[in-house]
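Working notes for the structure below.
Per-chain residue numbering starts at 1, and chain names A, B, C and D are given in the order in which the chains are listed.
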């Protein structure tokens, strides 16, 4: 009964993913980079939920998968921030482009 | 001791020495040297025993041993690698040569100045590798031993060599690494396609009516083989590594290197390239002969202007390996036998010459021709042997060099007289550069500072006399080599359909 | 006897080995070892010769080297030529051994010297006995080494060193020709055996072209050994060796080996007109060419050396004009009188310690024995009637005339004139005229030296009579018996040839006497006439310089060119590859700039690229 | 899901996982309640004990028929069994290293975590090995990743450690996202996350259009997972992280985590794309079509790894690149998709486990003693401690793939795979062999330092027990696997039955 086609959701997800990717690869502030990664993961979630409703064989599994994804994402973000804090203690900066003591 | 275990003992007996040495102090110089020398003897004795066993008309098959070793795939039909050693006329000769030269090189190693323990451990490991190369009956085993020779050489050059030792060691490693890498690919393709690596089976399968390999693939593999062994031999232009090795490595190691290691290339060409791909080999034989002539002349001309006697010998090795190629390229019994003779003869001669280089270097700390000169005054015996060695090397009748050279050319003249005629220039050049170098070192006015130099002494006579004796023996009575070769040669010719 | 002729070479070989092993202890005594053993082989060979007069050719062989189904044999053969040569070699060798006892007295390397002599004698006798080309070649090389070692005996002298090297390499050039020739012949006839080869030639199994080619190649070998033009330059230099050596190797035996080879293979050569003609021309040219150089040399041994070259040319000319007997005959007589001359010269040098004839003179009274002996030799070589040289040279001239080469005949005659002239120039300058002041204490050589000279002197006189137009041609008949392919035993040339020959030589002697003996003509009468000519002759036509300029520098140039390739091309490629890999690494590690976002970007780019390829290739790479 | 069903499951087959889980949880609690001054080393030993127990449990079920519980989310088949041995063995050795790891500064108050996080990471890897469902697979992957993030940054006070952890997290996050995105499409096309279910669905997939989408999904998943293998193009994090992380962690990443990555890739790609027709039923599977992409990645990985390694002066960085290269080699085995693929991958991972861990043991020892990770620190090791030098020599020769060592047999296995089949991978094999020769340069460079160069100082080494044990095991195993490889090969052949149950 919904009038919005699945493709729209998929497109949205794709766009969201790309935005996330762009952010992750371009922002200086590490926090924002981490958030961008969250964006990418959420794009995945949108995909999963969409498929679980409008997929070729709709099933609930997709939503479960999404739940798992969210949880894991949260954990990942937490760890990421923790490490960032540790780093900030030593370096007094959150700029990702200053983390280049190791190279080549 | 049953005959089938002989080869295993023969090949691995040097490792016994390694284990003994492992528990010795590096400071006990004398003891270490003696152990190192003794450890080469069992192999020598067994090798000679095998030789006489065969000469007595018995069968070499008695020695072959086979045991299941690796099977790469679960099912028991394909992809086995058996531990199988065996001898035929050709490999028998190579084994004897190896054992002899190894022992003599061990004697020559008395000149080594430091780190005797490590030196002899590597030295013996090297010997095992070489013996294994010549006795192994399947390609993977062959390859394993082949690589085993690589590592000890790297260290022996890099640690006990002269000024540019590390550079030499690396160029040795990389060139030969590349060569063996190519070899490995060939072996693996054969193994994967046929499911076996046993040389005999391969000959059957590859040349069977419906062979698993297409003609073009065979040709490709053959060319790869030629390159792989061409590095070892070495064939121009793959030779620059061995120049460095000849100059930088300690003489005792160069005895082994130019005496045996280079010969693995020739051995491989005859045993594998010719043995497994006879049809394709016929097509490239001409090219080989041509390359041989190039090697011969190239080496000769360059040897003519070298200042360092070691360099002269290095280039002369290239030149003489050219004769091996010529013989192989002739592709008839005469040529191939000539090639094999040349392999042995050059092995002995270059061992002798490099031993003498070592002797001279030990006394005078130089091998530059113009720094020496007039040595015949101070050390007539050494000078005399040097001259004799040079004569042998330039193919003087009555010495081994002549027989091999003669046969190789005799073979080549049959089908490619023009090419052969060009090649004969090499014979003249050889005389020219060797006399230039040797007379330059020994004749002429004696240098003051070498007035009191000591002539050959004690143990130094052992290698010189042994080698000289063998050189003359082969030159006067070539049957010592040709009779064991007979069957092996017939087999090869049969494969070539000739 | 003949069945065991193979023992003959073993005597000298034995002496070689003994002296090699124990020489250091034997010291001077080693001379006796050498002399006795060579004497033994001399006796043995004389016995063999006598037996051969009656018995037929004997040959026996055994397998030496088996290659697949090829069986190369080694053995020995006693035919007329072999037997004769055997005696010549053994005799001269024995005499030289004896002579050296005196000549080398006091040299602490006597054992080495005699060892070398033994080695050479062994090789030479082996060469003579060889029944096949391969074996011939083997000993051919060995005699070369013997000569090399003896030339370089005074190894500390730069000249000796150079001469030895030169001798070895130049002869080797010839040897390679021989090698190619015999191998080609082998693949034509499938055998190295002389008999087989001759059989093939007789039955026409080989095409004419092949015969000519192989014959000429083999002749190249002869040219090298016998010092024929253009490979003659080593022979004069070889005089750096001790004089007895020059007598043995570079006059009597080894240098004659080339002639011997051609004689031994005569049926082959005879089958090709071209080959014969070439030989004749080379021979004749060499004869006159060398003789002309000999006119002006001032080193006694060099004069003799050039005369040797020229005489060898004669022999070649003889063989080339089908005068088989003449060639061999002259080979024999020459062996005797030239050996005599060298030994005499040695005795002179031994007495005055110089080789420069300008510094000699008036030795006739001092050297009571050497003088007359030298004169005998000189007369013999000049072809004065009734001495050996006269008959053999006459044979050659006759052969040349009969062979139908008037020009070559003319050359030969002129050469004869030259020979007579320079030989007597030598004689007069050394023995007549006033004695040099610094030669007060000159004395005759000891008996051990003069005895061999006397023997040779006798032979130089009488050895001609074995083959004369007047008393019969024993030698010829015997040599050619049962082998028609060797031509007639004696070429019956027109009578005037003998007259001409005689007159010419007498004229030469007379001129020499006018200039150097009676001094009625000034010394530089010749050089004054053609100064340029004189310098050219004196510098041996600048042949050496020419070779130096062309061949040697060419070789050097080639070598340096190749070294350039070695250094820059071969090494360059290697360096290039290595550099490429290194560069790859450099750029790679540049990209690794420590910026985590770059890393992510790279990953994304990688993904993008793959996806793009995927999309472009319509889904699947195939 | 009622209680009966729960009980009906044969939980026994999860015994190894349970053991690890239990011990990990136990240690974490202990760490909380134990007084700070108490040494946490004991945790390490407990952990090792747990792993040994797990191995025993696993060995007990070695011939257990294929089974799966929790609606096929967890399966125990030959594949999971043999590969779990590698994971467990590797972790055990790593823990041994960790026990004797005494950094100068950085991780005073975090010893506890240091041990039990290894266990959780291991647990994640094991779950991946035997998960039959995308969800469990994903969770396992994340459990491994997140634990390793923390481990990489465990030296809180050390800037390099922090930085490496940070880089690891960010790259890891991106890769996870990409992988998931690919997975989401797979789910979308099949409506299930169960691998077998997916395979079943896709087999009957008619519309080529979908196959196209699947291709994209394949690429995303593959690239995403390339991160774990440190394969191009997702390799660049590796050098930095390896350099910054504590040495035992580096060892863990380069061995266990990498193995997990290969397990994952094989599992997912093979079961999903191995049987899916590329277009229309009956056509050849997508995987075969994508072979060339895999080969491409493999080639790139080998070249990049070996070539850049030439320029390294920091030993850990060098080994990072070398491990990239080795990932490339193993990818060759995967790319050739031959009938010996599993054998080749398994054996190579096994060999790599020993030779690499052994090498890291030496590295840890030397770099700690000298307080520097420069290669030049190895100069004269031969003089200072001959046995240590000899051991390192053997291990490095094995890494370089010389005969007589495990590395060679591993390579041979890979070559057999590459050359059998209808389209032999000549090019790929040639690249592999050529880059191997390139690798001689840096491997023998180390040997040059050890054996040829004079030592800066003559002080001898006192080797801690942990490291000694690791070294002995590794060297022994390397040599034995090199000379008698059938000790391992037969074990696999006898208990895996050619991995026929992989898809059942």
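Here is the rule we go by: a contact is a pair of C-beta atoms (placed from the backbone, for glycine too) under 8 Å apart; a residue touches a chain by one contact, two chains touch by 3 or more.
Note that the structure is predicted; figures quoted are calculated from it, not measured.
Of all the chains shown, the one with its CA centroid nearest the global CA centroid is B.
With centres taken as mean Cα positions, subunit D sits 79 Å from subunit C. Averaged C-alpha coordinates put the centre of subunit A at 65 Å from the centre of subunit B. Subunit B and subunit D have Cα centroids lying 44 Å from one another. One simple way to say how far apart two chains are is to compare their mean CA positions; for subunit B and subunit C this gives 37 Å.
Touching two or more other chains at once are residues 589, 592, 594, 596-597, 600, 604 of subunit C.
Counting only residues that touch two or more partner chains, subunit D has 166-167, 170, 174, 178, 239-240, 311. Across the assembly, subunit B contributes no residue that touches 2 or more other chains.
Shown here, the protein chains touch in an arrangement that is not a line, ring, star or fully connected set. Under the contact rule defined at the top, the touching pairs of chains are A-C, A-D, B-C, B-D, C-D. Those residues of subunit C whose C-beta lies close enough to touch subunit A in the complex are 589-590, 592-597, 600-601, 604.
Residues 236-237, 239-240, 298, 301-302, 304-305, 333-334, 337, 374, 376-377, 391, 396-398, 402-403, 406-407, 409-410, 413-414, 417, 420-421, 424-425, 427-429, 431-432, 435-436, 439, 442-446, 478-479, 482-483, 486, 489-490, 493 of subunit B touch subunit C in their complex.
Residue ranges of subunit C in contact with subunit D, taken from their complex: 581-582, 584-586, 588-589, 591-592, 594, 596-600, 602-607, 610-611, 613-614, 619-622.
Interface residues of subunit A facing subunit D in the complex, by the touch rule stated above, are 17, 20-21, 24, 30, 33-34, 37, 40-41, 43-44, 47-48, 50-52, 55-59, 61-62, 64-65, 68-69, 72, 75-76, 79-80, 82-84, 86-87, 89-91, 96, 99, 101-104. Residues 63-70, 137-139, 141-142, 145, 152, 155-156, 158, 160-161, 164-165, 168-169, 172-173, 176, 179-180, 183-184, 186-187, 555-556, 558-560, 562-563, 566, 569-571, 573-574 of subunit C touch subunit B in their complex.
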